[in-house]
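In what follows, subunit A forms one complex with subunit B and a second complex with subunit C.
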Partner chain A sequence: MLSFDIVAQILWTSFATSSYFVLFALAFALVLKVNRAFNFAQAAMMTVAFYAAYTCVALWGLPGWVGFAAALAASIILAIVIEVFGFRTLRRRRADQIFVFIFTLIVSEVVAFLAMLVFGTWPSTIFPSLFWPVTLVGNVAVSQWDIPAVGVAVSSVVVLFGFLRFTRTGQFMVAVADNPDLAELYGIAKQRIYLATMLTAAVLVALGMFLYGTRAQVQPTTAIDLMLFAIAATIIGGIGNLWGAALTAVVLGVVQNSSVLFIPSEWQGFLLYLFLFVAIVFLPNGVKLPARRRLTRKTVAPDLVGAGSQES
Partner chain B sequence: MMTTRFPTRRALIAAAGFFAGLTITGAMAQETLKFGLAMPLSGGQALYGQDQVKAAEWAVAAINAAGGVNGKKLEMVLLDTRADPQAGIQAANRLVSVEKVPVFVSAWSAVVKAIAPVANDNKVVQLSVGANSADIARLGDYTYTTFPLADVDISAVANHAATKLGKKRAAVLYINNETGVVAAQIYRDVFSKAGGQVVAYEAYDPKASDWTGSLLKVRAANPDIIHIQGLVADTPQVIAQMRQLGLTVPVSSYSAVYNPKLIEQLGKAAEGVIATSLAPGVEDKAVADYVERWRKEVGREPNGLPYTQYLYDAPYIVAAVFKALDDKKLPLTGENFRREMVATKTFDLPLTGRLTINENHTVNKPVFLMEVKNGKWVQLAVVE
Partner chain C sequence: MEYVYAVVILIGLYIVLAASFNLIIGYGGLISIAHPIFYAIGAYASAILSRDYGFPIPLAMLAGTLIALVASIMVALPSLRVSGDYLLIASIGFQLGLIEVFKNASWTGGAGGFTNIPAALSASVPREVYVAIVVVVAALAALLVRAIAHGPYGRAMAAMRDDEVAFSALGRNAVAMKVGTFALGSALAGFAGAFYAHYFRFVAPEQFDILQSSVVLTMVVVGGIRSTWGPVVGAVLLQALPQAITFLNLPPAVLGPLQGLLFTGLVLVFMFVRPQGLVSAGEVWSATRKGSEHARS
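Let's turn to the complex of A and B:
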């Protein structure tokens, strides 16, 4: 049954649906790289972004762009709250990374619970229809959702690259990621850079969740499930390596989808855990590509086992 | 100058007698027949629980407005389970020990299973209304269901596909959890036994958001019907993606997809989708009136309409058994309630029709096969 059409279809659909995973992985990897926080509260940002868009478009009947603006605003506001009232306080107290992680976990659960109370558990989408018309390219079905989604993901990667490479704030983010204390000695306002990183992540999250919510149904706990994929991509791609995380998100999507052609479908979900296990045990620094000049400078991976905070 | 007169002893005795009389008369007038209702009123399932409770409250009010049970009021003691087994046990203990009810209604499989030992130990009847796990029939002498268990509707839809629709090659696509695995096996067995062939049998991960690989495998098997055993969160997306990949064969599923939202979400891609319902739809006048009452009083249709229909009917079962016991002057104990309910066996209920409770703790109910036609759910067949 393995024909060219089937392989092409799987590759294309997996590539298109990995668009939001790329954005989630980038957001997670960026905060981990710069703020050195294992930010599971990203799930909370994803949840508020979705329900803000859902409220505007599905409940109030406002246009899609208003929904996206609301998603962006909600995600940014929550990012500010998490950074200013959460991370900053924990940093001031020199809290261990495990406490920071527990804090983010609690935030994600609280927001999921609140969303449940307000919106219930019935799955929802931003637009009433889930069905996107398709066009056949050769024998490959390309839906009207696919092209904009891929466009948004690719543009986001390019813009983020340019932002980190060419803007002052982006360069400061890379500097803080390398060595926060040294960066501060050079006059970089570290706290502002941490906030800027959270805001950048919030934009990526809002984009990703808007894409996801226009294609799939969302429940208050959906974002928590989606986070596993972002975390897996970040770990396998190499902690501190943004582009590795983004690329891994695409590869994982393709491998998971095509795996049913080779293994029993019951094992499909198991693959992600298998990859995670292999990555954590055998490749703790991620899959290393051949040495070359990197787009962003190499950084020291934060110690996830809890061997002490490197924060000032 | 004003003086204060103290009451005489005779006046005091007369007053005491008057108030005692009032109290006795009041107690007689207030005599009620109590039963319990343990449902999720808070937490993630409250959306459904609260609507089901409202349906039961309407039924109790209707029964009392029509004279109650032999002139006595029916009283429903309501407690919250949060759909959580531990909270369910606490609620059941209170209903049994404090409220001393002979029967209580509960729902959600995990809660019903957790409560069953409390019901058995105290010889108080638990009526499960809505939980559909096949295990519900094996929880002991004092747990009964009024809701058909999982195998009933899946068997009906598989049989109908093979015998009435003449389908020979079915593909089964199921979610890889307890809901999907067991029901998919039932479909495969029943469809094969009815003369059909299951040409593809594919699971998918509960966290999946893309089903391309599984669907392409199904497409390659060239089925003439596809049965999807998923959840309400993923099934519409699976159908949408199936249609996008050019799979135009009929699709069947079960009660989870029988809701108006599916048509809204899929548009023309929903045409021909077959679902099951375990209660009559709005073609039935009583159900139409009931839905209309929701729209007028609450401003919307109830969440999980069929489940609320079953909850509406539950107090009628309780009232019928209470009446039979009252007629026979038997005390309202759990043992008597159980004996009388099993002896009565058949109940004609306002919103779900005839119910027959079997000795093996299962029930006989018709299955309504619904199909999307011209953008609406219409009744395709009734499988007895």
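Let's turn to the complex of A and C:
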């Protein structure tokens, strides 16, 4: 029997756990928007971030913040390697898009196999326990993980927005995303911007994977599965629309987790692929929201034609 | 000897898979990595129809091939109408989604796999006959892809691949050609899947996951994309190498990842050091001696 409390609990937990999906979707959407690459190698960045944090915290007993720093460093280093030695080389050779995708897929698989060799295939978590102390708010259980996770996701979205809007590098990223060749003519170093984009994605990935690893179990191939979520959110949200991707990640996360109310749990994974397929068929350009009305002063253009004829 | 026959048959089936995948990504220029799922559809469809519905095996194999063909059109048509990039995403989603169905549905045997599949040939027929059939099928598949690539359809595919806008401006339907190429390659994969099911008599969802995609991709990239014999060389080499590793008697926890690293590492090396692969694609339509003599006169 579904009660309001049960529904509220599932909705809150779904909303909180969609925080890492938002970060993964933002990272993927950002690289796709600026670098114009389906960066499946993000799964590799996610894997190294998790296992760096896992090694520091679970294996070496270091504090959590050291684990996060290690995750960040590992993700950034791999992002640099992928961009400098991979994408840049393929761009220089004007490689077909299929080769770029094959490269990103293979990198994610190489890292997954390396992780299997080093860490095995057993599910792992960063902290020994997945259970966090719980506080009752009304009749909804809010764990000590939920609020910080939502806070991290919201802060990341706000910081990213500010970065893209108000910083020089962020504005250059937007320019390169719109027209890379024109941006280069204006003196913007494209290659540096591509690298900056990958670094930004690496930070988002490290945050997301640290959150995920403190909430759920991770195996070497988990990141590859999580990537599908990011891809689905990016497509449904509209390719090139970062905020659409973030919002869609929240909606998809809530819908997928809430689906346990209606369908057997073993079919929850299937839902994501169904959404992806439906999105491709019916919403290839994403969900179109009504155009925002811009609050601008109305001005009347001078009648140049009329003025010219009067003078003559 | 049974082991050697199994390896030879696997090599033959992978030659069909690699050649048909080369048709899609090499000659067709389509971005897709979900080839193994059509292999899976052919295998499961043929197995279910023959075991549970009493279809004669040749009819079940044909039905499996046709179901793979129809499924590929269902995937390709909506995504290619938008753009080629969407085919990649749709195919990955289709592959992983269908694997979830195979894992959870009772009529596919679930995660444990589908067993007791009727054998293609009766126990009294020597194994060498099946090996010979698969070798002939593999050779025919490679030659079929070569004939397509070197014929009028292949010239049209090359034009579409090189400049789709110009191709469409000449009045040709690029979407129809892409869907047709994808469907043909996927049908060949389905046919190979049906063979696999009736020889090994067991299919399971994990046999057709993303790892298999990278195996087939490796064979084409390392062997030589857009060449006739490149995928054949790739299939032989990349089926023989893992077998060599099994003789090292490593524990399974190490063997699996090591094989995976071998495949993926080879792709990375070849992509950057020798992108044309082991067998580079020659000039497809080199002038024949008769043609060049005529031109000189």
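Definition applied: the second predicted complex is superposed on the first by the 286 of 312 C-alpha atoms of A that agree within 3 Å, B and C clash if a C-alpha of one lies under 4 Å from a C-alpha of the other, contacts with A are read in each partner's own complex, and residues count from 1 in each chain.
In this text, a contact is a pair of C-beta atoms (placed from the backbone, for glycine too) under 8 Å apart; a residue touches a chain by one contact, two chains touch by 3 or more.
Model, not experiment: these values are computed from the prediction.
Superposition note: with subunit A as the common reference, subunit B and subunit C are in steric clash.
Contacts of A:Trp60 after superposition on the shared chain: neither subunit B nor subunit C is touched.
Once the two complexes are laid over each other on the shared chain, residue contacts for A:Val281 go to subunit C alone; subunit B is not touched. Of the two partner chains placed by superposition, subunit B and subunit C are both touched by A:Glu266.
Judged by the touch definition given at the top, the superposed model places A:Phe4 against neither subunit B nor subunit C.
After overlaying the two complexes on the shared chain, residue contacts for A:Tyr186 are found with neither subunit B nor subunit C.
In the superposed model, A:Ala232 lies in contact with subunit C only, and not with subunit B. By the touch criterion defined above, A:Thr121 lies against subunit B and subunit C together after alignment on the C-alpha atoms of chain A.
Look at A:Gln97: by the touch rule set out above, it reaches subunit C but stays clear of subunit B. Judged by the touch definition given at the top, the superposed model places A:Leu105 against subunit C, while subunit B stays out of reach. Of the residues of subunit A, those at positions 116, 120-121, 225, 228, 266, 269 touch subunit B in one of the two structures and subunit C in the other. Touching subunit C in their complex are the following residues of subunit A: 38, 89, 93, 95-99, 101-103, 105-107, 109-110, 112-114, 116-117, 120-121, 224-225, 228, 231-232, 235, 266-267, 269-270, 273-274, 276-277, 280-281, 284-285.
Subunit C contributes residues 25, 29, 31, 33, 78-79, 82-86, 88-90, 92-94, 96-97, 100-101, 103-104, 210-211, 213-214, 217, 221, 253-254, 256-258, 260-261, 264-265, 267-268, 271-272, 275 to its touches with subunit A in the complex. Within the complex formed with subunit B, the residues of subunit A that make contact are 1, 6, 9-10, 13-14, 17, 116, 120-123, 125, 128-132, 134, 141, 143, 212, 215-217, 219-220, 225, 228, 253, 257-261, 264-266, 268-269. Interface residues of subunit B, counted against subunit A in their complex, comprise 43-47, 176, 202-210, 212-214, 216-217, 220, 232-234, 236-237, 240, 243-246, 264-269, 303.
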